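Common to both upcoming complexes is subunit A, partnered first by subunit B, then by subunit C.
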Partner chain A sequence: MSTPILDASFALNVALLLMLVAIAFAVVRTRSLLAAILLMSVYSLASAAWLMVADAADVAFTEAVVGAGVSTIVLLGAILLARGETERVNWKLMIVPGVLAAVVGGVLIYAASGLPNYGDPASPANSHVGRAYLEATYRDIGAPNVVTAVLASYRGFDTLGETVVIFAACIGVALMLGFGSRATLAPPTEIPNDQHVVLRVVAKLLIPLIVLFAFYVQFHGDLGAGGGFQAGVIMAVAIILHALVFGLRATMAAVPVSLARSVAALGVVVYAGVGIVCIINGGGFLDYDYLFSPRVEAMIPANLLGDPNHVHHWGQHFGILFIEIGVLLTVSATIVTMFYGFAGRTIETIEAERRT
Partner chain B sequence: MVEALHWIGGAFIVAGALLSILGAVGVLRFPDVYTRIHAASLTDTGGATLMLLGMGFLSPLGFVTLKLLLVWGFVMLTSPAAANALANAAYGAGVRPRIGTFQIMGDDKPGPASSGDGAAS
Partner chain C sequence: MTWLASHFNYVVVVILMMAGLFIVFSSGNLIKRMIGLAMFQTSTGLFYITLSKVSGGTAAITLKADSETGRALAAPLDPAYVAQFGVDGVVYSNPLPHVLILTAIVVGVATLAVGLAIAVRVREAYGTVEADEIDALSRVAAEQAEPAP
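Up next, the complex of A and B:
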């Protein structure tokens, strides 16, 4: 087999990484905060494309929905409350941080030369830990997507920690900005009926499709790329799109503020509850093999998922399913609460609150 | 036969890429917001259509073709709507076109900021 002069994936890697560098410079150079936020969204999209080229589909998915999607919306909500431009910085103030950044960058580039080659089968990560997981996953858990198996089962305790961190972020934002309920105090914004008719029609078509896609991502998490984190963000995006097109009040009537914040807590309860059920049935915390008592497990028909010959680990299968539902609830409700917090805090609503 | 399909598909993808480059040049070079929006939406709709058509020729007929068709439907639904929303917002913010004039619903009052280069940053 002759090697091509220019490897296609090498060329893609170089092109995407150069794009990332260019966008990073543009973000630093621009003085308009709005342009910086949009450029950062482009940066996330380009790095998601690069991660996809590097075959890290789960990470690329997360980067695309969180980095390019939701964080852009939250930052845009924040910029409504801030001044739109940065001040010109005296160049003397930039000497020390600049030198520091150059030194750290140099050290990182020097350290990167000591890393094993990309995809090297003899590298420590691929030959010991990674290989052990790849070999054991199908035997222990039976999930085709090893990423989900590691994330939700082998390291279920870490993922519980991450879910709690997201819930803590929800509480933190809500404590600073409020839950957004003061938005209902403000007079309803007058939107002329005929102006956004195209947007409203398209949004009405899209929102159910987005929710459907979120469920697809949720329930195919152990088969392909996806899972509770990505699905939760996609679900929240559908709600945010509704708020952007139909107004915050209409969305708050459909998804009340109190519902959003209680669902965020409920998700953590579901996740930790699965772990406690495992303890009750005689296993360790989040040890899904003990999720069902033997009597319940015997009641599950062998052909529940079609193939009766394949040995199913029902505890593992349902355990991952349940905790992913917990993650979905917490992530989506957290993002909606954060969005409510920012969106419910415009200048008009703050003035309306002051009047009452 | 397969060889010919590969050439046709490749030609469509290259044509789509060229149209996207043209759109990018248009976004940078056109004089005002509305013409720039036009150039950008050309990339989204025309370029994406040609590329998806090329991918359809390259892939075997079947489930992949259906998926590409659905992607095409999604793009044709969202990107013109986005262009419309952008132009609508620009008009609402009082940005007036540099070349020629147009009237929407008989309203031609200058808005709060009628400088006309909202996209330049």
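Up next, the complex of A and C:
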């Protein structure tokens, strides 16, 4: 058992965690749902900073775009539809949950004594299987980012399952809230051109840059932090930003509802299709070493990069690239479809209430 | 004191988890409950990442150039420590929990959206998202549906 190194990294760790605790208590205390949602956005950003301190670069990236960006938008859409700006207080109902949380928390903190020290390199989790992946990944896959290599190649079947879960959530939201396509049938709401000039100009400049950044994150996923999940969310955020500034109808003209929902399904098809191509060429499902048939493989020189010691795994490289494109398509289209569902329903409910 | 330093992260994880649990149990508002569930979920993520941290380590992106010089990055580490726990001269944090939590976050927002969609439909059917009011309304509806004796 080694004691943790009390350096700057540890001090930052403690400071950010205390910040998270303070925000969590503020969320518990506040009665305003809008305040709770905005505090959760800050909470996500602070936890993304903490994840960076704990060396989880890919996770920090995901938490920053998903937690601080997309969840906030979905939650704001929900309180707009549910008209639940403030919750009512019933102090009598606080006693039992309070006691329960205190008791369970006490037991868990007591049980935490059995866990390894923070940063212990010899803990069971860090010394066997984690180390084995770190040693083998560059040799097996040829991708420097071990997280992407494990995500997309070693555990590619798991990630296919998760992509299908995201697609299923897309279907679930669409079944409950609709695709929002009735928003295009409603009479256009006149937004004067001189309104929000600064927002419009800045958004027009920013949206292409956000999309470009999404492509960078996508195609550098196996070299540095990033990948299909993060890139998909960033791409969706660009479309949502367009809808927030220029109105839902303009966005639905640029990215049609039917396109969004078909792309969500297409992503899963691309991912599973890569697996089936591997089977056709004689390997297992998602075994990227068999992605190219032997004849194609023979045409690619092994040391294309000019380094005779470095054997490039072209099958693995392109396999990861293709399935990450599938993930990008499904994640971005799912988030856009969900946003259309929530935002399109807002116009519908306002219309319906006006009529009655 | 040493215990608190080495297990501080676990204490914080438990506090955040219990804050989420408290919101889920104490709040009658369906949307506030979803916020509580989201907080509970992030605390699980923090727990996994805490386990994966290695002192003096760096993000699990392998550094070919530094494996050639055999020089450790991120912190002036003891060479014996690097030799024992590093891979090719660099100490990395454990990448496996990162993979699990990365996908869990994206799946989390997808399930959050499904939960909120259910809350929106509940609001449209009952006119409220407070659990006790929904309960009372559905009890009244059930009594009205019963045939008179």
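Definition applied: the second predicted complex is superposed on the first by the 328 of 356 C-alpha atoms of A that agree within 3 Å, B and C clash if a C-alpha of one lies under 4 Å from a C-alpha of the other, contacts with A are read in each partner's own complex, and residues count from 1 in each chain.
Convention: contacts are C-beta pairs under 8 Å (C-beta built on N, C-alpha and C of every residue); 3 or more make two chains touch, one makes a residue touch a chain.
Remember, it's a predicted structure, so these values are computed and weren't measured experimentally.
Three-chain overlay on subunit A, with subunit B and subunit C fitting side by side and no clash. By the touch criterion defined above, A:His196 lies against subunit B but remains apart from subunit C after alignment on the C-alpha atoms of chain A. Of the two partner chains, neither subunit B nor subunit C is touched by A:His220. Once chain A of one complex is fitted onto chain A of the other, the partner contacts of A:Ala35 are limited to subunit B, with no touch recorded for subunit C.
Taking subunit A as the reference chain, the count of touched residues is higher for C when subunit B and subunit C are set side by side. When the two complexes are overlaid on their common chain A, residue A:Leu205 makes contact with subunit B while staying clear of subunit C.
Taking the C-alpha centre of subunit A as the apex, the lines running to the C-alpha centres of subunit B and subunit C meet at 90 degrees, rounded to a multiple of 10. In the superposition on chain A, A:Val70 makes contact with subunit C only, not with subunit B. The superposed three-chain arrangement places the nearest Cα atoms of subunit B and subunit C 16 Å from each other.
Across the superposed pair, subunit B and subunit C touch subunit A at no common residue. Remark: subunit A residues 2-7, 9-10, 13-14, 17-18, 20-21, 24-25, 27-28, 33, 36-37, 40, 43-44, 47, 50-51, 54-59, 62-63, 66-67, 70-71, 74-75, 77-79, 81-84, 87-88, 90, 93-94, 96-98, 100-102, 104-105, 108-109, 112-113, 115-123, 125-127, 129-131, 133-135, 137-138, 144-147, 150-151, 155, 158-159, 162, 165-166, 169-170, 172-173, 176-177, 223-225, 229, 233, 331, 334-335, 338, 341-342, 345, 349 touch subunit C in the complex.
Residue ranges on subunit B touching subunit A, taken from their complex, read 74, 77-78, 81, 84-85, 88, 92, 105, 121. Residue ranges on subunit C touching subunit A, taken from their complex, read 2-3, 5-12, 14-23, 25-32, 34-35, 38-39, 42, 45-46, 49-64, 75, 81, 84-85, 87, 91-99, 101-103, 105-114, 116-121, 123-124, 129-130. Within the complex formed with subunit B, the residues of subunit A that make contact are 30, 32, 34-35, 194-196, 198-199, 202, 205-206, 209.
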